[in-house]
Amino acid sequence: MTHVMDTRNQNRAGLGWLGQAVSGVLLLILLGLHMIAHHFVVKGGLRDYQEVMSYIGNPVIAAIELIFLVVVSYHAMLGLRSVLLDLGLGKSQEKWVTRSVTALGIIMVVYGVWLMSTLLSRV
Amino acid sequence: MSPVDSPVESKAYPGQSGQLPEHQVWRWFAFARRSLGMAGFVLNRVAGLGLVLYLLIHLVVLSQLTRGPQGWDAFITLARSPFFLTLDVILLAGIIGHGLNGLRVALIGNGLLVPWQRRLLVVLAVLGIVLWVIAAVLIYRG
Amino acid sequence: MWTITLKIARYKPGEARRIDTFQVSIDPERTILDAVEKVWAEQDRTLVFRHACHHASCGSCAMVVNGVEVLPCIKLIKSVTQPDGELMIEPLHNFPVIADLVADMGPFFERMLIVGMPIVGAADPLPKQEAEDFNRFDNCIECGACLSACPVVATDSGYLGPAALAAAYHQLSVSGDSLSKQAWDTLDGEHGLWRCHATFECSAVCPSNVDPAGKIMALRRRMTIERIRQMLGLGSRSK
Amino acid sequence: MKSSTSSYSAIVIGGGSTGAAVTHDLALRGFQVTLVERGEIASGTTGRNHCMLHSGGRYCVKDAEAGIECIEENTILRKIMPDCMELNGGLFVALDDSDMNYLPRLVQGCLACEIPHRQMTGDEARHLEPYLSPEVKAAVWVPDGVFEPMRMCMSFLATAKSNGAKVLPYHQVEELIMEGKRVTGVRVWDRIDNQRSDLRADIVVNASGAWAEEIAAMAGIDVPVVPTPGVMVSMTGRYTQHVINRCNQSSDGDIVVPQRETSIIGTSSWTVENPDYIDIPEEHVNKLLDRGSQMLPALKQVRPRGIFVVARPLIGKKGQDEREISRTFECFDHASDGVEGIVTISGGKTTTARAMAEKTVDQVCRKLSVTAPCTTRDTVLKSYRTYYTI
C-alpha cells in the first residue's frame, strides 16, 4: 500500500526543522538589535544599572526583549536537542531529551518574565 | 584525525547484517581533508553549544540586576576590562559564524540556492570575517 | 613504471588492527584498485577487498584513500600520488568492518530496501534523438561512499543516510509522490531527511554525480512547500 | 530409490555468474548447497565483463549453437530478472564494403537462430541513434540489452539464500578431499579469519571459470580451459541507447555498450597462462579507441574513465586461435576421467549462465538419480539488494 505526500503522513521532525530555520532568521534580526542596543550605541560599550532601567522602561523595548528571550530559548533548546539526537540515541532516550529541553526552555522563559517584571516594578 | 579508525567488529559475513557503528563523534572533527561545508557544520555545532552555555550564564548573571546598582555596576566595571571584552569578541565570532552559517543552512535546507551552495558558503565566510573585524574594533574602542 | 608505497589498514576478526606497508611497482596509468589487486596477486593472499566490475558500475570497491572516499577502480595512480609516493588505504568509514578493506554492506542495502527505488528507470533521450521509451540503470551504484563521508551517519546509526534519501527523492519524482508507509515514516521521521546538516560531503565524494545532498534539499523544499500549502488551506499540489 | 527433490548436499566452487546460477538451481531442486568463492562475489571474470545481454547476433553466423543459447537465455532473463536490465536493443552497423558483405550473412544467421531482427538503412539507424557515424550505410536491429553482472549474481544468490543455500565469499579452495578416486569435499581457507576447514558434500561442482583447470588439477584431472583475456575501455559519456555492434566477424573494438553515463568499448583477445593479474597492453587500448570511434566518432572527443582486463574461460586446446574457439559451454562429468563426485562447468558467457546451470545440475541429478526438474526458467529472482540482508 502506498501513501502520497500529505501533512497527515508528515510528523513533527519536519516542523521542528522549519521552526529552527525560521527562529534562526528571526534571531539574526533580534540578536542584531540586542547587540547594537547593548554594545554599540552606549558610551563605554555596556549599559550600567540606570541605563538598563531607562532602556527597558520603554514598553516596546521590553516587549522586544521578551520576544527575543522566547525565540532564543526555543532555538537554543531545539538546537541542543538536535545535537543530542545526532549522537544516535534510542527511542526512550530521545523522549527523555525532548522532555528535558522543553522543561529547560520553559524555565528560561519563566525566569526571564519574572526578572523583567521584578525590574519593571522598580522603574 | 586518527590515521586508523578502530573498527566495529562484524563477524557477520555478507548477509548476516551488522549494525552501523554508533557515536563516532570524533569524526565530526576529522574535517582536514573534507570540504568547507564540513568545517561549517563543526563550527555550527561547537558555536551553537557554546552559545547555549553562554545564554544560560548570561541569564544567571542578569539576576544581578535585582540587587540594584551596586551589584550590577560592579559587574559592568569588570565586564568592561580588556579580558572580558576579549571574551565578548570571541562570543561575537561564535554568533556571527553560527548566524551566517545558519542562514546558509536555512536557505539550502529549504531547497533555495542549492546549486550555488559552495559559493554562498565562501561569500558568507568572507562577510562574517569582515563583520567580525568591524565589531571587534567597535567593542575595543568602547 | 612507478614504485609506490601502499599503507593498507588490516583487520582480522579477533586481532588488533594494524597497518601493513607494501611496495608496488606499477604503471601510473593503472588504477588504485589494480595496485591493491597486485598486492593480493603477488605479495599477500590474505588481503581481502571487494571488487567486481573495475569500471565504476557495480559500486563494490569503494574505499577511503588518503582520507577521502573514492572508487579505486577509476582513480588512476598518477592522479593521486607521484613516483615513490605513498597511499593510505582504509575500508569505508561508518560501516562495520568484516575484514581488511571489506565493509559490511548489509546496513546500506537495508536502507535502500526501505525506499525500494528500482535500479533501472526511464532514460532521457539523447540530444537530437526522437523520444522513445528507453531505460537505463540509475546513476547511483550503491557504493556506500556517501554514508562513509556523512558526519551524521558517523554519530547516528539510525540515520537513513544520503543514498537512500536521494533514492527516495528520485522515487517520489517518478511515482507521483507515493511511497510505502514505512518509507514515509522513516523518511520524514527524526532520523530521516531532517537530520541532514548540509555539509554536502556526500555530494563531494559521490563517484557517480548523484548529488545526494542536492536531492535531500530538493526533497525538503517540496515537503516544506506542501506543509505550508496545507497549513494555509490551499490544498495539496501532489496527485 | 529415486526421490523427487534431493536431500543431497553440494558444494559449488566459484562465485561468478555460473556458480551463482548453479547454486540457485541446486537450491531450487532441494540440494543443501554451499558456495565457496575465494574473493568477493563476481570479483573474477563475471564482474569485469562487458555488461552486454547478448541477443546472439554476435555469434549466429559462425557459431549457431552459441547464437541459439543466447537468444533463448536473453528471453528468459528478461522474465526472471526484469528489474536489473537496460533493454534498449542493439544495432549491428555496417560502415564499409566488407561490413556490407557480411550483413546478409548476419540476417541469415538471425533467421537460422530465430533472433528477432530488423534491417534498416544508414539514415534510419542515425534517426534512431544520432551519434552514429555518417559512414554507417546500413544496420540490423537485434534484441541486445545491458545488465550488471554483479547484480545478476547477487539476484541468483539472494534467491538461493532464501531457499536455504549458504554463500561463503573469501573462502579459497586449497584442496579437494579425496577418498580413493572420489571427491568427497573441499578444504577451504577462510581468508577473513585465516582459518582452514573441511567441507563435505555428495557432489562438488567446479564452476571456477578461468581457474577451472587449477581446481580440477587438485583431483588429478585435466580440463581444457584457455584463459583468454580481453581489454575493455569505459568512456565518459553516453552516446547511444542501443548496444552498437560492428556488422562483421568478431574482432577488437567492435562493440560499444552504453551504461549509465558511460560507453564501454570492447574487446580485445589474447591468451595467458596465469589469469590472477594481467597487464594491459597499451596498443590494445589504442586499437579499441580507434575502432570504437569509427562507429561513434563522438568517442574521440572524450576521455576513458576506466580501463580493465579479465580472462574469459574458453574451452579449447592451447595454441588454438582464440577467436575460433566456440563461445558455448561444456559440462564435464569427471567420472569419464575415473574420478567420481565432481563435475566441471566451463566456457559459456554470463548471458547463458542460467542455461549452463540447468545443464550442469541436470547432469548432477542424473548422477545421483534425483528427478526434480529444473524450474529456473520460470522462477523470478529476488531483488539483488536482499543478498546482503537475507
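Just a few scattered comments:
As written, the chain order gives the labels A, B, C and D, with residue 1 at the start of each chain.
The working rule: contacts are C-beta pairs under 8 Å (C-beta built on N, C-alpha and C of every residue); 3 or more make two chains touch, one makes a residue touch a chain.
Since we're looking at a predicted model, the values are computed, not measured.
Highest inter-chain contact count (C-beta pairs) belongs to C-D.
When chain centres are defined as mean Cα coordinates, A lies farthest from chain C. Chain-level centrality, scored on Cα centres against the all-protein Cα centre, points to C.
Centroid to centroid, with C-alpha atoms defining each point, chain C and chain D lie 27 Å apart.
Our note on geometry: chain A versus chain C, Cα centroid distance of 38 Å, whole angstroms. Centre-to-centre separation of chain B and chain D, using mean CA positions: 55 Å.
Within chain A, the positions touching two or more other chains are listed as 17-18, 87-88.
Counting partner chains per residue, chain D shows two or more touched chains at residues 41, 192, 387-389. Touching two or more other chains at once are residues 13, 98, 105-106, 109-110, 155-157, 197, 220, 222, 224 of chain C.
On the chain D side of its complex with chain C, the touching residues are 39-43, 46-48, 51, 83-88, 127-131, 146, 148-151, 170, 172, 191-194, 232, 234, 238-241, 258-262, 264, 276-277, 279-280, 282, 305-308, 310, 383-389.
Looking at the complex, you find that chain C touches chain D at residues 12-14, 27, 29-31, 37-38, 41-42, 45-46, 48-58, 60, 73-74, 98-99, 102, 105-106, 108-110, 112-113, 118-120, 123, 125-130, 132, 134-139, 141-142, 208-209. Listed in rising order, the residues of chain C touching chain B in the complex are 9, 11, 13, 17, 19, 66-68, 88, 90-91, 93-98, 104-107, 109-110, 147, 149, 151, 153-157, 196-201, 204, 214, 217-222, 224. Residues 1-7, 9-11, 13-18, 85-88, 94 of chain A are the ones that touch chain C when the two sit in their complex. Here chain A touches chain B in the complex through residues 17-18, 20-22, 24-25, 27-28, 31, 35, 39-40, 43-50, 52, 72-73, 76, 79-80, 83, 87-88, 108, 111-112, 115, 118-119, going by the rule given at the top.
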